[in-house]
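Labels A, B, C and D are assigned to the chains in the order they are written; within every chain, residues are numbered from 1.
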Amino acid sequence: MGENTERHGIPGTIIFDGAEAKRGYGLNKMCFSFNEEANRNAFLADEDGYCRRYGLTDAQRDAIRGRDVLALLEHGGHPYYLAKFAGIFHLDVQDLGAMQTGLSKEEFKARLVEAGR
Amino acid sequence: MGENTERHGIPGTIIFDGAEAKRGYGLNKMCFSFNEEANRNAFLADEDGYCRRYGLTDAQRDAIRGRDVLALLEHGGHPYYLAKFAGIFHLDVQDLGAMQTGLSKEEFKARLVEAGR
Amino acid sequence: MARIVGSIMSTHVPAIANALERHDEADPYWKPFFDGYEAVHSWLDEVQPDVAVIFHNDHGMNFFLDKMPTFAVGCAPEYRHGDEGWGIPTVDPYPGHPDLSWHLVEVLVGDEFDITTCQEMLVDHAVTNPMKLLWPGGGVPIVPVTVNTVMFPYPSAKRCFALGEAIGRAISSYDVEPDLRVVIVGSGGLSHQLEGKRAGFINKSFDLRFVESLTDDPRWVTQFSGEDLVKETGSQGVELLMWLAARAALGGSVRRVTWNYHIPISNTAAGTLVLEPAA
Amino acid sequence: MARIVGSIMSTHVPAIANALERHDEADPYWKPFFDGYEAVHSWLDEVQPDVAVIFHNDHGMNFFLDKMPTFAVGCAPEYRHGDEGWGIPTVDPYPGHPDLSWHLVEVLVGDEFDITTCQEMLVDHAVTNPMKLLWPGGGVPIVPVTVNTVMFPYPSAKRCFALGEAIGRAISSYDVEPDLRVVIVGSGGLSHQLEGKRAGFINKSFDLRFVESLTDDPRWVTQFSGEDLVKETGSQGVELLMWLAARAALGGSVRRVTWNYHIPISNTAAGTLVLEPAA
């Protein structure tokens, strides 16, 4: 159980509070910049240089490199800003849902249908 | 008596309210840009082009051209942003006070001393 | 005095924009969702609003963590749809209604709401998708009201209710256009969670209880803290705060005009609700 | 629990930065002003604060009309002095105190203040000049609290008083560093007006009455509207709201440690005041 879960007690969920906002500031600022196409292209052209410019930590840099959403969240990434990062690779929220839950996309979608019964 | 004075009833004073904020938006945005030296230089190099980029009205453009602080205020300029414009010409708040009250700088300063008695 | 004709609550999931672009309204996946808007369109034809006040939350478009307001009110002449970064089609700017906006700001600050006033504001799918759903052929000028659900601490449900009430009163005191007909939009929800190991979380029974409460007992949800709401409705289910504020703007008793609920649209329990003031 | 050692209210006129750069402290024009800070320095030596919470107003540096908050709280690791555009010397960044900042934000939003949270914030002379005046040799980490006096509607004096009280309570409940000593700074005032035909307006009797009230009857000034305050103190004299919030943070009774008043510095009635909680 992570420290965020200890603070807030919600399993499988990181509440984006001050501690996360502090931890993730550079990472989120980088992802926020992806609202501009020129920045998305600049990132694709030179990932390392782009990450350096925003002062990412090594752990954040690794998680970006590995497209590892759960790790990005753990290191202060905010889902709304991370969505801009995921968008560069044309991942939709169901791709992301599957990745984070360890299911296939079809299994993830089936689980959602199930929730409606 | 201007419409602002009718609204707020304070002689010699324009209350910067929504109506002024609306009227002065482009002008104030231009002046806010003067927080950066590159922009101050760009303005000095091409006043017309710079004003056009911020969509100033003709009346605002004239008032900028005439360094006419009272007219700038009348057309929605905000004192804090206009101060950035005045700063380009190294005018301090007492130069501006004198200009706006029709006094010499010495007379304006004397009036301030008088207010302390 | 201006008059509030009613409130429309609507999900705003990004995928809606893609479905509309593909004309998927009759597709089996989408039909149960889009069908819910027919009654909304009939009602809008009847009540003919002139302007929409839209409670919404920003998703990393107009606000960043450098300056994150709890409550913001748009006072812009128009609202441009920004590039959201993941490729939904952008739409033409929506005209604003600056006079009504400034009136709201004046009344709200007078009522001790600490508003952030925005003379420029980019909007995202939380504004554009409800607009497309409600007015497929056009739309009305808008006044966006942004509620922070990006970063803790969120405003409490109680505070959001109070904001909605205050905006309702403020609209009623707007006398520049005495016949102005205002519709309130609450954009977001219902239960969903996009991120983390609990991604895909949905809570049908809480959603239904909440929607019930909006008619009978609108303060019911104000008993819950921000943490409670995340737990019960998912990280993004807290967008129900927009529904709550939109309900509160109507004041006393209301009548339910139409209600549709469908799980899932994308990762979300999609809800569409219209309430109008009881005669 | 953290403890508030007292509040320092100080004028922040830009010209002070130039006077300090020229070492004009003993110049006849400046001496009556700078002399007022000797007692402040002695008091600071005694109370040894660890951090300063600074109520200030932004002068077109960090905020523009696109996003103008009523109340903002800095949560940044450091605060950089921006280029103000008219050539006062810029100073090195001040370290922040993010943990205290976030604590304030959490408590304030819980208390129904609709704070704008700023993880980056440029500061202007309203922060740098008091810092230079109070700590000529250095300084302490800061938590800036920005109050809108740029654009009407301003928060009412009553609301600013409530904000100050809430911040006082929030500081008292900060238990991460139980021995933390906090000084409050109220930056701005007193009566002055820079613009318009009434430029140079000063109101000595109102200033004196107001400063009197801070000791004996701190809510006295909450009877005045924003318009009233502009009328009585000048367009920029409304910066007295920073003094009011700084006073309110002290709670109940206070003792005046030192007080200096001099007209004019630049276009301003300059005031320097220290209050501490009555034992």
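Before moving on, here are some points about what is shown:
Here, a contact is a pair of C-beta atoms (placed from the backbone, for glycine too) under 8 Å apart; a residue touches a chain by one contact, two chains touch by 3 or more.
Since this is a predicted model, take the numbers as computed values, not measurements.
If you compare B-D with A-D, the chain pair joined by more contacting C-beta pairs is B-D. Measuring from the averaged C-alpha position of chain B to that of chain D gives a distance of 25 Å.
With each centre defined as the average position of its C-alpha atoms, the distance from chain A to chain B rounds to 46 Å.
If each chain is reduced to the centroid of its CA atoms, chain C and chain D end up 38 Å from each other.
Centre-to-centre spacing of chain A and chain D amounts to 39 Å, using the average Cα coordinate of each chain. Across the assembly, chain D contributes residues 65-66, 105-106, 119, 151-153 that each touch 2 or more other chains.
Of all residues in chain A, those touching 2 or more other chains are 18, 21, 25, listed in ascending order. In terms of which chains touch, the assembly is arranged in some other way, matching none of the line, ring, star or all-to-all patterns.
Applying the touch definition to every pair of chains gives A-C, A-D, B-C, B-D, C-D. Considering their complex, residues 63, 65-72, 105-106, 109-110, 112-121, 151-156, 158-159, 162 of chain D touch chain C.
Against chain B, the residues of chain D that register as touching in their complex are 14-15, 59-61, 64-66, 82-87, 150-153, 193-202, 204, 227, 230-231, 235-236, 262-264, 266-267, 269. Residues 18-19, 21-22, 25 of chain B are the ones that touch chain C when the two sit in their complex.
Touching chain A in their complex are the following residues of chain D: 75, 98, 102, 105-106, 119. Touching chain C in their complex are the following residues of chain A: 8-18, 21, 25, 28-29, 31-32, 34-37, 40, 69-70, 73, 78-84, 86-88, 90, 92-94, 96-97, 100-101, 108-109, 111-113, 115-116.
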